[in-house]
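Presented below are the structures under discussion, each in the form of structure tokens.
Consider the two complexes below, in which chain A is the common component and chain B and chain C are the respective partners.
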Partner chain A sequence: MKLLFHRITRALLISALFVIAATITTHAQDPRIRLAHLDHLATKASETVDVNIDERLIQLAAKLFNDKDEDEAKIKKLVNGLKGIYVKSFEFDDENAYSPADVDSIRSQLKEPAWSRLVNVTSKRDGIVEVYLALNGPDVLGLAVLSAEPKELTIVNIVGPVDLEKLAKLEGNLGIPDLGIQPGKHKTKNEQ
Partner chain B sequence: MNEEYLWDKSGEPDPEIQQLEQILGALRHQPKPLDLSDEVQPRSRNRYLPLIAIAATLLIAMIAGALWLRVRSKTVPQLNNVRIESPKRQQDIPNIDDKKTNDILATVPGKPNREPRPKVKEVKHSRTLEASNMTAVERQQALEAKEQLMIALRLTSEKLNLAHRKAQGASENQIRNQHKVG
Partner chain C sequence: MKRSATRKLVIGLLAVTLWSTISFAKGDDFNSVVKMIEEFYNVKHEGLPFLAKAAMKAVGVGAKIKGGDAKRFAEAGSIKLATFENQEFKGDFIKFRQVLNDSLTQTWMPLIQTLAAPDHEQCYIFVRENGDKFRVLVVTIEPHDATVVQATVSPKNLALLMKDPEEGAKAITQEATIVDQE
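So, the complex of A and B:
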């Protein structure tokens, strides 16, 4: 009886450890960025764009896209596999409305090995633009764009298999400008 | 000395033996209830260890579940939280209408000091089979979600475009500088 208790106890403890480990691993692999802590900037901003769309809403919205329309069909294809789109964009009247700590709080979440920085452009005058991809081998798990300009801070986080090829095909449609991204050629700044 | 005394206490006792009997008599077995209080108590605590472990496991599982639910609830969108805050913009967007969605997108997010945003292509929406099966509430939600989706895509593509242009500009400058040096 005593031995049975010990075995049950051990099994339960191991199960609990597995649950904890699985929770931590799942959280670590999640390409979702925490953005809620930037909400305080909304009070300083002259314009705020805050988009939170999860998989259910993406699918719901996708139903409204007309398959017979070429452009809409492309967008529908692009968003179909996505699990979430989250955007926060703040536009300020004055410079230095946000702090470097705000930018660092986002950048600290975009570290290797989960994230790979695709583009990093830093300019003293125009600020920074960084593009990150969350990769699991050849699979793209998510995209993050961090743009910190003197009077604007924008963070885009797309969760799910972002297909840059499809995104490239989307160029020029529905007001989406030409990205100049060639299918299969994901260049970094250094490669160009 | 009578050895019979040592065997069955019969006969004449030896004084030395009697003295020894008196000394060692204190250690004689005295029947009394078993008292294991000092030794057994820690073991009795061990008896509750599995129960404590089970309770702890359940507690950890509940905490993990609660954390998971919290993370999950954060991902559940609340359309009320989806906002575009700008007095000017709110005037620009008085009503969300399926037919006007693209026109609205052309004005969002408007930045006067930047190059004008490309005009959104007008698309006439015919009711798809999926859309026709929606309830009014679902349709409203879908319309709002679609609008947000387009804003997000626009912003994403704008920023990607900006990154691409800046990266290209940076590399062109590098090449120009290399020519100057060369």
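So, the complex of A and C:
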């Protein structure tokens, strides 16, 4: 009886460890970045835009949009396979309204090995534009763009299989601002 | 035997209560948002006179969105509108946004939210499935005016709204508030 009790306890412990390990792995590979902590900037910004197109809405769009209709087909093709599009953008009247710590709070979430920064990405915009890909082997799990201009801070987070060409097509649509990103030959930092 | 019947009765009552709570939350969000604005900002909405409602006309509003050719954005007869005019909308808009999102995100999907701190302007667009169409809830708050619009839109018009949410929200609000004076 005592032996049976020990075996059951051990089996339960191993199962619990598996669940914890799986949760940690999933979390580490989650390409959704946290943006809510930047909400304090909304009180200083002349305009704040928050776009939340989550998986439920993308699935609805994919289910109901008609391939024969030009508008619906275009959106359907762009969002196909995506699990979320999230944008947070702040425009300020004055410079230095956001702090380097605000920018670092985003960068700190985009660290290797889960994220790789794309190099040689150019943008028509002034200031810093950084593009990161969340990779799992050859699969792209998501993308993040950090655009920090003197009077503007924009973060775009796309969850799902996406590349720079798709991002360029999405710019100006679905609430994603025109970031002026030039799709071309680019490499991740690791590929250099 | 008696205990089993009582248990069934309690479970039945709980199921009915739960079902009616969910139905109420889904069906009456428009009114609860209007009430929420009234309570948060201490304002009162105005009902539109019957004749003005009957004369409501919107032509070519959907077409204002780039690439759009729809004559009307909302499905006929689907618009619910509440307006607040010449009142003060002063208050913590970050807190209001939190309260609004907390109450709606169980049944609605937030699409886009814009805030402009200097004038305390706010615009919120929520979407949810409604059979083979979509229901859209647009809340616009300005320093002295506000509107709450709920409308049913076709997948095609939701595609237009998703392409350009800010223009789409303006178009829906405009469509709901245009009153033919002729």
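As a convention for this text, the second predicted complex is superposed on the first by the 142 of 192 C-alpha atoms of A that agree within 3 Å, B and C clash if a C-alpha of one lies under 4 Å from a C-alpha of the other, contacts with A are read in each partner's own complex, and residues count from 1 in each chain.
Keep this in mind: a residue touches a chain if its C-beta (ideal position, glycine included) is under 8 Å from a C-beta of that chain, and two chains touch if they have at least 3 such contacts.
These figures come from a predicted structure and were not determined experimentally.
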When the two structures are overlaid on chain A, which partner does A:V145 contact: first (chain B), second (chain C), both, or neither? first
Partner chain in contact with A:V119 - chain B first, chain C second, else both or neither: first
Counting residues of chain A touched by each of chain B and chain C, the higher count belongs to B
First (chain B), second (chain C), both or neither: which does A:D54 touch? both
Return first, second, both or neither, reflecting whether A:I106 touches chain B, chain C, both chains, or no partner chain. neither
So, A:E72: does it touch chain B (first), chain C (second), both, or neither? both
Counting only touches as set out at the top, which of chain B and chain C does A:L64 meet: first, second, both, neither? both
Touching A:A42 in the superposition: chain B (first), chain C (second), both, neither? both
Please indicate which partner A:I33 is in contact with in the superposed arrangement: first for chain B, second for chain C, both, or neither. neither
Between chain B and chain C, whom does A:A134 touch in the aligned arrangement: first, second, both, or neither? neither
Indicate the residue numbers of chain A shared between its chain B interface and its chain C interface, in ascending order. 42, 45-54, 56-57, 60-61, 64-66, 69, 71-72, 75, 173-175
Residues of chain B that touch chain A when the two form their complex: 49-50, 53-54, 56-57, 60-61, 64, 67-68, 71, 74-79, 81-86, 89, 98, 102, 105-106, 108-109, 111, 117-121, 123, 125-126, 128, 130-131, 134, 138, 141-143, 145-146, 148-168, 170-171
Residue positions on chain A within touch of chain C in the complex are 39, 42-54, 56-57, 60-61, 64-66, 69, 71-72, 74-75, 93, 173-175
Which bits of chain A are touching chain B when the two form their complex? 5-6, 8-9, 12-13, 15-16, 19-20, 23, 27, 32, 36, 42, 45-54, 56-58, 60-61, 63-69, 71-72, 75, 78-79, 84-87, 89, 91, 119, 121, 123, 126, 129-131, 143, 145, 147, 154, 156, 158, 167, 170-181, 187, 189, 192
The answer for chain C against chain A in the complex is residues 67-68, 93-94, 109-118, 127, 129, 132, 134, 155-156, 158-160, 162-166
